[in-house]
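Okay, structure first, notes after.
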Amino acid sequence: MSLPRPRLDALGAVLVAAGAAALFFLPFVVFKSNRIVPGDPRTLGAVLTGWGALGCEAALALAAAAALWIADARVRLVLALTGVVAVALAAAAAGNALTPPGNLVVRIAPGAAFWTLLICLGLLATDATTRLRPGPALRVLLLAGSLGIVGLSLAHGTFDHLSVMREYAVNAARFARELRQHLALAFGSLAAAVIVGLPLGILCHRLPRLRPGVLTTLNIIQTIPAIALFGILMAPLGALAAAVPLADRLGIRGIGAAPAVVALFLYSLLPIVANTVAGLKRVSRSAVEAAHGMGMTARQVLLGVELLLALPVILTGIRVVLVQNIGMVTVAALIGGGGLGAFVFQGIGQTAIDLVLLGAIPIVTLAFSAALVLDALVEAMDRVKASA
Amino acid sequence: MSVLRPATVLRVAALALLIAFLVTPQSFAPLFAPLTQYGAPPIYDQGNLLTLALAQLGTVCVAAAASTVVAVGLGVLVTRQRGAQFLPLSRTLVNIGQTFPPVAVLAVAVPLVGFGERPTLIALFAYGLLPIFENTLVGLRTCPPAVLEAASGMGLSARQRLFAVELPLAMPLILEGVRLSLVINVGTATIGSTVAAKGLGEVIIAGLLSSNTAFILQGGLLTGLMAILLYDALSALERRLLRTLTLD
Amino acid sequence: MITLESLSKRYGESTVVNQVSLEIERNSITVIVGTSGSGKSTLLRMINRLIEPSSGRVLIDGRDTRAEPAHLLRRRIGYVIQGYGLFPHRTVAENIATVPRLLGWEAARIAARVAELLEVFQLDPGKYAASLPHELSGGQQQRVGVARALAAEPAVLLMDEPFGALDPIIRAKAQDDLLGIQRRFGTTIVLVTHDMDEAFRLGDKVAVMSQGRVLQYDRPAMLLIRPTDPFVTRMTGLADRALRLLSLISAAEAAVPGTSEGPAVQGSASLRDALSELVWSGADSARVVDADGTARGCLTVAAILAHGRP
């Protein structure tokens, strides 16, 4: 009796085909003599020799085999992650190999093959992780672990010769400042929106007559594009700064962070208010009645029962707002608000893709992390509620 | 003659206002003049407002069409028996599409496809997938099982069942997803102007660069008005469809 | 006309249908009755291949049902389920026209057939043809469901608890209507139910199923007189078997020539109903009359009681 032929995994086949095509036909890195020229492509084979190349290719071959034939999700995940590490290290090594010693002008940029391989391996890892269905705590742990490893290797200098890190080296102090600014704007506007939006939501829930008016107004605000709202607020805030010197000294000016924060605050109100109302609506009437019946005051019922039970939905609203705001703060750079968007737009203006990446990669990482952590929090709360 | 409800009156008025402003912008000059300083032009004069508005609408619609095709196709695929294994991954990917800030997608796409409409289309496409995909899933999954069984029992092939029963019944929900996606993208599309895509964002950015609040307001209000009217029109369409399909 | 040959269906470890063989005659109503979990619905679904058998086969007019693609087979078999599954987004007329359209009938023929069926099922075409299912009552939806199944003039009609969602008053009428339809169109009907009364009322032959097996397949009277399994007796009911037997015979069948002073009883009524009338009135005998009043004979209590014994 012959062994049954192992079934080919459909997703794996697609990913392996794409990855292999990229590896052989697309450039792995791009050698640029300075930061502005387009540069020449180099394939992986041309850049790495000896053990390095062998190691990288072996890791990729293993990952491909797992993708095609192995059904065990844990094996797929481990081999995919190994592939990612191999590709990253190969890029770093390419950077080291192609940079003449002491030369600070040359830029080695990751090429199309690098990104394609990263995406394919990433999809493989994501698919495997989703199949394993890790709990919320484990997911946050995995995120922290990955970020930690990446952070350590960046600090250690492994990737120093790659173009993005070169840009960072030039802009290091500014990067730290803009990153802080970005986080301050995103979280600041979120905090303000929660402080105002939560009570407003509770009010709308208690007085249904208010709901259409409030929600429609907030909806209309949402339809005004971000940059327009930023711009519209500049004039009144500028006038305010001119009229009230205290405001100017506090930093509330027509340009800069103030219009951005106010605009983001207004944008964030709708998800918070809408989700607060929706969350409170879903709280079971019998639980509230029982609480009243036990002698809890209205305030105790609100804080101890209703808000607690509505929390998952409210947190979902906060998650939406945080991710949205992290993205929109990028645009605030256009009106002088600072933040990582400054790098993005400067890079677009100078056609320096590495500068764009210097801004874009942290923004995307922040957005993902925020989404993952808050989703995990919501799921953890739902589980607690379910088991209670 | 039926009594005109206040909502209808508002709707028609808003539409009239929008068209009037796009076709004869200069007639609104006196309204915007107080917002300008040093004799700057009150009405955007570096391009035709109507053309820009239509260009923006066009970009949004093309991106929405692409998102719809991909999201609905994916939704159909993962609700079939053979495609069920792709459901978790599809969900994750579509979620990623929405988590990626559109500005970042725009910025990263520019070196790949150049400036102009193309990176904007890519950003809007990715951002608009989630509402349509999730709604397609819910729509297809909540088809009454008796109807599906009767359809199979009567001799409809799987393909006929999909097109004659499942998709029509899921249509209201899918349309709601498309509506959400479209309306959000009308506003998001203005960012495309930072990479030279034609649209009302151009007006806003010109205003930002020259500190001309009139320009900023024009761009912003026109976009907002377009978004609201689109939202409204599609809501009405959805309500019509729902009435024929009271599935309750 | 329909031959089920050693049909079995297994899901993993459990066997839902176990080696069922049945021969279903043309132009008859066969009722498969059993408790929930007995496998009766699965058995029904194997006839039109909504469920593929693990082993065994189904022959319709000598042809194996696997000889053609399943969806083509099903266009020649009517199928009604509890809940009916009417297409909510199509009008009544469009619902009924579904299978004829799939088969490519011309528009005129389809329209004529839809009109005919609406009339047979007592649905005013003017009022209901263009209505949507949610605008109809439960009873009307049930009738549309059956009409839709019969639209393409199938030789076989499969029904799975088609009257389950109706309230008792409408249910009786619907069952009588089905008998009339069967007689009119000559369709071979296979009906699944858990209701023994329904089985006795409708079935020319009844198959009693339990745990995937058919325990007995026979005329209803035989299930009472010569049950082959204690379960059959439990299902048909030991306590009132005599009355059940009486319910199978009509007054017209049992009437003897003669007259009586007693109450009038419809010829179409069962002996059980006749007995009930006689007990209520206290009379010894009853006159049997047709619907239009013509005398058919008379029945005495003693005669009726004799019919109630095997």
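Going by the order they are written in, the chains are A, B and C; count residues from 1 in each one.
Quick note on the criterion: a contact is a pair of C-beta atoms (placed from the backbone, for glycine too) under 8 Å apart; a residue touches a chain by one contact, two chains touch by 3 or more.
For clarity, every value in this text was computed on a predicted model and none was experimentally measured.
Between chain A and chain C, the least number of touch steps comes to 2. Of all the chains, the one whose CA centre sits at the greatest distance from that of chain A is C.
A comparison of the A-B and B-C interfaces places the larger number of contacting C-beta pairs at A-B. Inter-chain centre distance (chain A to chain C, centres taken as mean C-alpha positions): 63 Å.
Per-chain CA centroids place chain A at a distance of 23 Å from chain B. Centroids of chain B and chain C (each the mean of its C-alpha atoms) stand 53 Å apart. Taken together, the chain A residues at the contact with chain B in this complex read 10-11, 123, 126-127, 130-131, 220, 222-232, 234-235, 323, 326-328, 330-331, 334-335, 341, 344-345, 347-348, 351, 353, 356-357, 359-360, 363-364, 367-368, 371.
Remark: chain B residues 35, 85-86, 88-89, 91-93, 95-96, 98-104, 107-108, 110-111, 183, 186-191, 194-195, 200-201, 204-205, 207-208, 211, 213, 216-217, 219-221, 223-224, 227-228, 231 touch chain A in the complex.
Remark: chain B residues 144, 146-158, 160, 165, 168-169, 244-247 touch chain C in the complex. For chain C in complex with chain B, the touching residues are 48, 50, 69, 71-77, 79, 81-89, 98-99, 102, 132, 134, 145, 148-149, 158.
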